[in-house]
Structures are given as structure tokens and as C-alpha cells.
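In the two complexes below, subunit A is the common chain; its partner is subunit B in one and subunit C in the other.
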Partner chain A sequence: MKDKLKMQVTSHYRILRSPARGGGKSQARKKLIRNFLIHFGIILFSIVCIYPLLRIFSVSIRPGDRVISTDLSIIPDSAALLSYARLLKETHFLRWLWNSLIITMTTSFIGVSLASTAAYAFSRFKFPGKKFALLLLLSTQMIPAGMLILPLFLMIMKLGLINTYLGMIIAYSVSSLPFSIWILKGYYDTIPRSLEEAALVDGTSMIGAFYRIILPLSTPALSIAFLFNFTMAWNEYLVARVVLFSSKQYTWTLGLFELQGQFITQWGMFAAGSMLVTIPVLLVFLYSSKWLISGLTLGSVKG
Partner chain B sequence: MLYSIYEVIWFFFIVAFGILAIEGYFYYHFKFYDRKWFLPAGAVFFPLAASFACAFFLDAGYSRLPAHFLYFFISETAILLFFRHVVRGRFLLPYLLMAPAFVGLALLLAYPFFFEVYLSFHDLKLTTIMEWKNTGKLPFAGLRQFVNVFTVPPLAEAGFWKLLIRTLLWTFINIFFHVLGGFILALLLNNKIRFKGIYRTLLVVPWAMPQVVAVLAMRGEFHSQYGFINVMLAKLVAWFPFLAGLGIGPVQWLSDYPLMTCTLINIWLGIPFMMVVILGGLQSISSSYYDAADIDGAGYFQKLRYITIPLIKPVLMPAITLGTVWTFNNINVIYLVTGQSGGTEQADILVSALYKAAFTYNRYSYSAAFAIVIFAILLLISVFYLRTFDAAKSQYER
Partner chain C sequence: MANVKFINVTKRYGELVILDGINMEIKDREFVVIVGPSGCGKTTLLRMLAGLEEISEGGIYIDNKFVNQVHPSKREIAMVFQDYALYPHMTVAENMSFALRLKKMPQKEVKHRVSEAAGTLQLQKLLDRMPRQLSGGQRQRVAIGRAIVRKPKVFLFDEPLSNLDAKLREEMRVEIAKLHQRLTSTVIYVTHDQVEAMTLAGRIMVLNRGIVQQIGTPIEIYRKPVNLFVAGFIGSPTMNFINGKIEINGEDVYFKASGTAPQGPEQGASGGTAALRPQVSEAMPTTSSSVGRNATRPQVSPACAEASAGREAMPTTSFRIQIPSFLLPDAGAHKNKEIVLGIRPDDVRVGKFSDKNRDVIETVLEVSELLGHRENLYLKAQDIKILAIVEAFFNQSPGSAVPVSFNHENMHLFDKGNGSRISV
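Our next item is the complex of A and B:
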């Protein structure tokens, strides 16, 4: 027995020290080539991903007489901020941004807080109707997007909330709830129960364990859910189009559409507006991307 | 003074809810539900007392007494059953945790949904909508709308079956490339490399960008004269003239190949989401599996096949299910690309046809029935997915 074990260990040792695994010049070169290929691939994909954004940027800073051209350079000759100035001066653009921000932040907060507790129930408890409720959640995602607009509009009208923030918030707040619950449930499932059991032994309640242990550990998933809610509400325009009708209450999607309708050839102003709208979303992403992916649970179990 | 029916309903709703809350608090605080008198008092005495109180204090009259008794009896019994089986049971906490989310879903998803079902069995269109607005009456249509869905095309040219095939094709191609692209990018990003954070940020841009802006920007790139793709194609042909002989050159993307354009744009939009999900899954895989495989002398693709893919399956399957549903339901891309009015209908899938039937052609009840048919198709697809997901999960846990 002991001999067998010894033999195994030595053979493993040999494998670990073999030239195919570590050390050696060819290995270093191989690694270099591999790294280069990885970087090359990622950079290629990155360019594909951001090129349209750069194009919009370049259109937005083109001088007024050359907005439409076959020019592919990112910084055009005689760049100017004329489109931005016109956008801010001639439209309610800032007001549209403010409207969108209020509606979006409120709905995201409501959505994530509702989802976080519900997902906890699904992840940690067994109760009658659990499977049915999960199926119900999934089936709500299958309701075609254009389907609920008409009945929702009638409801909001009956409540007297047409053309208000509250009406929009009501219409949006649950729309991405099922997805948030699914994502959070999936994440809670990966957090080992031993953490909570330890907390329960230390004398906290189930709610306390949820609040003190599960929630802090699941910041990556919570931020994904929040971002998801945020982008959903920020980009929405089908519901906004029926609920809001006065130009001052518009969200930016409606505003930019109106811009496009009013000035058919004014790509410059549209591009400027698009840039200003895209920036806050990108900033939120930049700020929270460090939470998006991390090995938090792994670390906390190992100690 | 005249109250509208909705104000009255809301008033009663709020009052009833308040009474329930107070009553529930007392039950819970004093643990009345453990007492012997709880059941008879709750089911008989309280409703009796409440209905007499209504007759006395609210001047409702004794003729309404049985109706009031029935109302209080039903609501009290509901409360009792709630306390017996939920509060006293072991399941109070999960139900309480779930309650806010499900109340919201019931009011803002379930209620509109059933209203839509109601519409689909009636006849609401441009000629009947004014009468419906004023009197609330709708002509009953039975199953006629559902027959119409399969016989009358929703748009000028394409019928239901053609749209269905186009939609299935659209969904399959999109999801395939989303998962493939997301997987490749996640594998690339999961290495120990420099500038990882920057790359991740750049790669997530299409998802982070507002969809309206992203789609319209991409649409600009497909413009026949000024778009990047055609400009590059023209330059390629200018540099290498033999390419023109092979039929390569600038193409009228938006008018000749609208569905292909939409597909390319949607693939570009959807990859980052899959990438983030798969990357999350990859990072939660313990490195000890790979160390063990290394010691056993496994190659790269063997590790991929036997460790990575089985271990991210629990993360991937729900994402694919949801992705399928979203792609199937994607109005935005097609609607923004093919234009609001007078645009081509060659790229329309089921949901965008539904939207156009409802809001361009104003066929409300028809589109309600159409929506329910689409809903049924989606239900079938995802029940199938859920089955496979369960199978995958049990295999993984074994």
C-alpha cells in the first residue's frame, strides 16, 4: 500500500517536472504566442463591439455641412460641437434625460429589492407550489412584448396616471422582475449553505443570515440584476410612447424619436443626443464591472 | 355626487385591506390561532357580528344581511385558512419573502394578460372602439378571432405559417451565434491576461449601449451609400478588381436583405450578455478540477469537453431559455431597422407582425388572439427547454 502510494507520488512528480509542463525556452515562446493570439482575438472583437459607437461619436462632432459623408475617419476635419449646442438649445433634451433617470432609477431599485427576497425564498426553502411558481415566472417571460401594452395603458388611464412618472414606474417596475429572480436564484444556489448554517449557529435568524451574509456575498448578481433593470427601463419606448404625450414629460427615447421625425436629415443632432444618452449607461457599467465577475464565494468558504 | 365604479372598488379594496392587516396583526401578536375558539369564532361569530354591525351602523338594512354575511364568511374563512396553513405552518417565511414580488406580478402582468384573453374572445377594432369606450360593451366573437389568425394574414403579404418559419429560423440562428460567440469570448477573457478589465468593458459595450441608439447606429453602418460595410466593400473591389467578378460588391442591405441585416445586428447585440453569463459560470468553477485534469494529462479540448461544459451547464441552460424567449419576442431590432411606416415587411417575425397588426392596422382583438397563439408556441418551446434543463441538472448533481 505504502509502496503503491510512493510510486504514484513519484510519477506525479515526474509529470510535473517534465519539459512538456514547465520551464524550458520553447514553453516560454509557446506561452508568448498564445498570449498574443488571445490579445489579438479580443482586440478584434472589441473593435467590432465599439466601432458603431465611435462612428456615432464622429458624426456628432462633424461640422454641420458634412454630417453625411462616406468619410470613415473617427475625428473628422474641422471638428465642432455645433450639434451638441443646437441639441441643448433647441430641444428639451436635459429635461428628457432627467425624466428617464428618475423613472429608471426608481424602477430598478423596486425591481431588485422585490427580486432579492423572492429569489431567496426560491433558493433556500422548500414549500408547496414552488415548482409551479417558478414555471409561472418563466411563463411571464413568454408574454409577447407588444401584448400587454394595450391593457396596461387602460389600467394606467383608469388610475389617472397618464403622462406621469408614477404611471411609467408602475408600468415598468415588474417587467424585468422574473428575470432578476431567476438570475439571483441561480447565484444564491451557488453560495454554500454552510455559511448560513454557521450564522444560525451563532444565533441569528434566517432573515438576519439573508441580510448579513447572502446579500453582501451576492453583490455581483445584485449588480447584474440592477444593471439589467436599468437598461430595460432606460431603453424602453413602446410603453413610454402610449403613456407619455407631452413633450416635457418625454423620456429620451421618445425625444430622440421626435427629433428624428422632425428633422429628417439632422443626423448630427441625433448622434449628439445618442452620445449624451449612452455616456451615463457606460459609466454605470464601468463603475460596477468590478462586481460583475468575482470569486467571492470561493474565497469566503476557503477562509 | 357620483363616484365612478373604479373609485368605489378602490375604496373597498383599501378598507378591506386595512381591516385584514389589523386583524392579522392581532391574530399573530396574541397567537389567537392556537386557541380552541379560533375556528368557530372566526368562521361564524365574527361574520355574524360584522354583518349585523353593517346593518346597524351603516344603515345597510336587514335585507342585505345574508349577502353581507356571505361576504364576511368568505373573507374570514380565507384569513383563517391563511393562519392555519401559512402562519402556523413551516412555510410562512418563504411566502412572506415572495409576497411583494408576486403581488406586483399579479397586478401588473397577470391582470393585463387576462384582459388580453378577454379581448381575444370579443371584437375590438377601429369601428367598435368608441362604443366600447363609452358604454363598455363589446360584441362577442367566440373563436372567430382565433380562426382568423390562421386564415387572414396579419400583414399585407406574409401569412401566419410563413411568419412562424421565419421566426423559428431567426431565433435558432441568433441563439446559436450568441452562445458560440459568448463562449469563445468568455474563454478568451478567462485567461490571466493584461488589460482584462478594459477588454471586458469594451466587449460589453453593445449590451450597455441603449438599444435604440445601438440599432440605429448599426443601421447606419448598413446604409447602401454611407455605411461602413458598403464603403469597405467598395474599397475592396477597387483594390482587388477580381472580387467584382465573384459577385462581391456593395449591396442594398436594407431593401434587398432586410432579414439578414436584422440578424447580423441582433447577433452583435446579443453576444455580450451570453459572454457575461458564461464568464460568471467559468469563474465559479474551482481551479482544482483543472489541476486534477492536468495531473491526469488531459488536453485543452478534453478539459473543455469534460469539465468546463458540464459545469457551466446549470448557468447556461436558463440563460439559453431566456435568450430564446427574448429573441423570439424581439420587436425592437426589426421594427427599428425596417422603419415605422412604409418599410419592408420581408423581415417581420411573429411579434413585429403582431405589433404592426395592432398599432398600424388597428386590429386590436385580432392581435390579441394572435398574441395568445404566439404565447402558446413560446410555452411549448420553454417547457421543452425546462425538461432538458432538469435532465442536465440531475446529471450534474449525480
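Our next item is the complex of A and C:
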């Protein structure tokens, strides 16, 4: 009796399963093809992104006579760190790195500080010309950077800040501020106003509510603004070219360009320098990633 | 604890008047509920009291101190927001102690107050959790806890239960009532839910379109609404409103019905109709046969039967109700004037008339709604709609004839022109 029942159940199960199994096979095949195409695309783009980096790394560790080679191996025979050593010894590379670091970090901190407060005002207060000012900020981002070189140069020259850190910091800060303000304003708009009102009733001032409540909740947007400011200032070349004259004041972008001579380019040292300048950026990205958390305001108000 | 005074408080946004000359004195330790429909200005009034909104005109006094220009933190108030407004990056304990830490209160005192409030609100086990790890009810309790640790002079509640489900709302309502009894503090509570207003308030302020309609105890407002708006807004289900005229025949005063007045607070505010308040009446289920046996009661007219079958073009034949002299002493002044009679659904008596003088109105049952212990009957007397509440189970099918009468003592008469109450 028990066996009979088991057989019935099994056959019934097969009947139920059989049409689904056919459909399941074709679905699984489709899924397989889709996955293959997606992975193929991802791998292809990864290669396109990573290959130049590997190639630069490869060039940076090649001996001087084998820099231009058709050899595809990443780590060539007789690989050495000679280019790195020469770069550090024979040029002002560390000085250039230091200059870049000071200008970039200061620009980023000033940019984020100014943008965070300016964006708060745009997000929370009503004042005459608010819309126009926002549009004006946005419009500055639509002007090609090259067009601003001459006015920036003239402005910095009149301020007597040519060939100084401050000149560079001012130039970089003003060009990155509008974008940072827009990013932060957009984020503040999503934070419920009742949080600040609760803080006001609890005993803070408006500024206190901003520092104690709004800023801690805005770390993702602040990180994005900081990273934007950092990468923009770190990689900038054009403004640096017109503002800085002496080799000792150069940022790394100008410094590396100096390695390119009229008749010969030090490709090994160039590649070694390129590898070294990625390290600070990598460190900043790794540190910032912990602040890029979503859902910070969850639970504050009824969703 | 403190008293609160609103003196001619007005709020304008440009030309738009949001609140128009609000005057009220709230006594120390009083529980006042401000109630009104969405957009009536009740939250704006509360925010002005909290210092979160500027005052266009007039003055607000807390503990007899003029506070118009005083910063919210200096007003010694605590506010529970509609959306909780918990600080999401702080734990429950940090949320509750935030205001105390700002005041630089000693750590020991902060801890004591937080644990005391947590004990009252059953939050002890949740103190280390973040707001996102709490349910809606728990969040609301934390928001209340954040207010009570401060021991403020005045508590402000801005629709604190509107985001909770029905069961939780009921529980929290009881909790808030208990809390008020325990803390004996001045509470100003804003809601659009008239059940919350009726159950919690010592006094109610009814607001509409920025104007105070009535201030009084819940029972005053329920029994003696000063105008059609209040009559329609307070009470659930809504009062029945019937248009008509006053007729005088010798010593007797009659209300001659001519149609159903628009229902609901908005219509009620502008129009005039008589209103009845529904209460669970001693309903005696009447079967069709029992109606038929009662020779003194009018039978269902063909017109009524047609109406119950969903057909239109029913002739308008109105009914007449005698108005007791105590209800309208100056009846002569209202003779032939358009008025509105209001009667609450629980003052509509169905199927039991021992009083011979009672006016009986023949109606037809359109729909009945069984709500467990009671039943809503949607009736129609010619073209006049009447809602009655009876005890469950009213064993009648749609289309049945249902004779009803009104509880004369609880009838309300309003001037149709300005909506104001004319009956005593």
C-alpha cells in the first residue's frame, strides 16, 4: 500500500516536473549565454583598463636599453628598479610629489569646507537670487577649462601669486567648488528638515544642528566631493603649466613632463614616476571608501 | 510646568493668511488638542509655539513670558514630531540624552533621566540600538522619551500617531494619556483624528482654514457644536444634515425637511442643514411583516420602493418634525428661514416608538454595514439620506421599510446662511 502510494506520488511528481524541465533547460541555456556575454564584456573592458597600467609598470622596471620593445612579457628579463632609483636621485621628483600633495590636500579641504556650508545655505535657506546663483554655478562647469586659463593667469598675476602654492590652491578651489556645491546641495535636500528642527528644539543653534546632525549624515556626499577635488587637483596640468615657473615649485604633472626632452625622453623614469604618483590616489580612495555608505538616514523619519 | 497664551496670533505667507487671529489661554497642566482638517493651520500654530515658524502678528506667551523672538531651545518646550525625527547616527540612548548633553548636565544625572524615561516607555532593552533597527511604534516611543527626559514646561505633539497602524495607535494613545496623568505637564497635541481629540483632550480647539471654530471640552464640542463645520467634523460617523424650514402652527414649531444637506465639514461650514449625531440606539430589528402589522405606521410608498431598487426620478415629498420649544425658544425669528437640522446617527432611533408624540419618518434601507457590535444603516426618506447606527444584528435586507424617529433632545439646528448654531 505504502509502495503504491509512493509510486503514485512519484509519477504525479514526474508529470508535474516534465514540462517545466524542458522550459528549465532552455532557460538555463539562455542564462548561460547571457552570463557568458556579460563576463566577456567585463573581462574585455578590464583588460583595456589594466593593460596600460601593466605596460607602464613593465616599462618602469625594464633596463634603459630595452624600454621600446615588442616583448609582451610584463616582467622582462633582467628587470630592475633602476628607473625608480634614478628618478628619485637625479630629479626633484619627491619635491614635485610634495608640492602636488600640499596643493591637492589644501584644495580638497578648502573646497569641501566651503562647498559644504555654501550647499547648506542653498539647500535650506530662501534668499534673493538663489536660483540664479545656482544656475550661474552650473554654467561655470559648461565652459571648457582651456578658456579659463588666460583669465585665471591674469587674476593670479594681479594678486601676485604666480609661482606660489596659494595661487594654485585658489585656481583649483574656484574651479572645483561649483560641482562640489551641486553634489552636496543635492544630498542635503534628501535629509529631512525635521532632524534640524528637532535639534533646534533640543538646544542647538542652526550652526550646531549643521555640525552635529547634518554633517555626520552627509559623509558619503562629502567623501565624493573630497575625491572629486583631490583627483581634479592631483591630475591637473594646464593651470599648473601657466602658474608655476620654477622647477622646485612644480607639481608632479609638470615635473614628469620635464623628463621629456627635445631629442630624448626618459621613458623608464617617466613610467616609474607615473607608477609612484598613483600611490597617494590609491590610498585616498581606499580611505574614503569606508565613508561611502548608503542609507545613513534610515530610521530617522517614517519611510 | 507652565501656561501658554496665544494672543491674536496670525500667520501670513504674502497675501495668504494661514492663521487668522488665534486667541486662547492654555492653563498649567492642561491637555489641549488642536484638531482640524489637513491644511487648517494646526501644525503651523504648533511650530510657531515651538519657535520653528515666524509669527506674522500677535504674541505667544509661555509661562507668562513673551516668546516671539526666543530661540526654540530657550523656550523650555519639547516636541514630538509627526515623522519621529530621530537622529539616525545616534543610538536610542544618545538620541534621548542629546538635549541633556548639550546642556552639559552631569553624566550621572543624564544616565538617571534616560533610564527613568526608558523604564516608563519600556525602552530599556533598546537603548543601544540604532533607530533603523526599531519598529515604528518603538521609534515613536523613543521620540516621546527624547521629549520627557528634558522635563520641559510644555510638551508639543505634532500628530505623533498618524504614522502608526490602527492597533498601535490605540495602544500609544493610552500610553500618552497615562503619561500625562503621571507627568501632570502642559500638553498641546495636534491631530486631525477626532477620536484622539475626544479621548485625550481636556479641551479641544477646532480649527478650520486658520480660524478657531470652537474651544471647549470634548463633550461640549460633541453635544453643542457651534456651527456646521464643528458638527460635521467631530463625531464618527458624521452627523446627518437635513435642509429645511421652520414652520409655526399656533404653539407648535415644526421643521419641514426639503432635502439632504451636503455632508462633511467643508460643506457644513458654508451651508446650513439640520444635524443629528449617531449613537448606538436601542434598535429593535423590525421585519417587513412587523412593519406591515403596525397599522399606525405609514407603509413604504411605491416611490420609496423604486428608490431602493436604484431607480431615479423619485418625487420629493418632505417630512415634518416637531421641534420642542426648549430647543428653539425664539422660533418666530427663524420662521420660513432656510435652516439645517443635524442629528447624529446614534440619535436616530430605529423601529421602536413607545412615545406617541414622536414623529415617525418612513425610510427605506439602502445598505447596511455590519461592524461587529453595531451596524450602520444607510436609509433614505424620499430623497433625504439618513444614517443610523443600531446594535448588531439588524436583520433587514436592502429595500425594506424602516421607520425611524429622531431623539429630539439631541437635535441641532443651524442657520443655513452662515452655518451658525441657532438651537439651544
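Quick note on the criterion: the second predicted complex is superposed on the first by the 243 of 303 C-alpha atoms of A that agree within 3 Å, B and C clash if a C-alpha of one lies under 4 Å from a C-alpha of the other, contacts with A are read in each partner's own complex, and residues count from 1 in each chain.
Everything below uses one rule, namely that a contact is a pair of C-beta atoms (placed from the backbone, for glycine too) under 8 Å apart; a residue touches a chain by one contact, two chains touch by 3 or more.
Computed from a predicted structure; not experimentally measured.
*Asks:* Is the arrangement of subunit B and subunit C around the shared subunit A a clash or a fit after superposition?
*Replies:* They fit side by side.
*Asks:* Between subunit C and subunit B, which one touches more residues of subunit A when both complexes sit on the common chain A?
*Replies:* Larger number of subunit A residues touched: B.
*Asks:* For A:E90, using the defined touch cut-off, is the partner it touches subunit B, subunit C, both, or neither? Pick first, second, both or neither.
*Replies:* neither
*Asks:* According to the stated criteria, A:P151 is in contact with first (subunit B), second (subunit C), both, or neither; which is it?
*Replies:* After superposing on A, A:P151 lies in contact with subunit B but is clear of subunit C.
*Asks:* Which partner chains sit in contact with A:V201 here, subunit B, subunit C, both or neither? Use first/second/both/neither.
*Replies:* Touch status of A:V201: second partner only.
*Asks:* Determine the nearest approach in Å between the Cα atoms of subunit B and those of subunit C after overlaying the two structures.
*Replies:* Least C-alpha distance: 9 Å.
*Asks:* Would you mind listing the overlap between the subunit B footprint and the subunit C footprint on subunit A?
*Replies:* Comparing the two interfaces on subunit A, one with subunit B and one with subunit C, the shared residues are 295, 297-298.
*Asks:* If you look only at subunit A, which of its residues touch subunit B in the complex?
*Replies:* It comes out as residues 12, 15-16, 21, 35, 38-39, 41-43, 45-46, 48-53, 55-56, 59, 68-70, 72, 114-115, 117-118, 120-122, 124-125, 127-128, 130, 133, 135, 137-148, 150-152, 154-155, 158-159, 170-171, 173-175, 177-179, 181-182, 186, 189-190, 206-207, 220, 224, 231, 234-235, 237-238, 253, 256-257, 267, 270, 274, 277-278, 281-282, 285-286, 289-290, 292-295, 297-298.
*Asks:* So in the complex, the part of subunit B that touches subunit A is made up of which residues?
*Replies:* On the subunit B side, the touching residues are 6, 90-91, 93-95, 97-98, 100-102, 104-105, 108-109, 111-113, 115-116, 119, 184-185, 188-189, 191, 193-194, 197, 199-214, 216-218, 220-221, 225-226, 228, 231, 268, 272, 276, 279-280, 283-284, 286, 294-295, 297, 314-315, 318, 321-322, 325-326, 329-332, 350-351, 354-355, 358-359, 364, 367-368, 371, 374-375, 378-379, 382, 386.
*Asks:* For subunit A, which residues are in contact with subunit C within the complex?
*Replies:* These residues of subunit A touch subunit C: 192, 194-195, 197-205, 208, 213, 216-217, 295-302.
*Asks:* Under the stated contact criterion, what part of subunit C meets subunit A in this complex?
*Replies:* Residue positions touching the partner: 50-52, 71-73, 77-79, 81-89, 98-99, 102-103, 130-134, 136, 139, 146, 150, 163.
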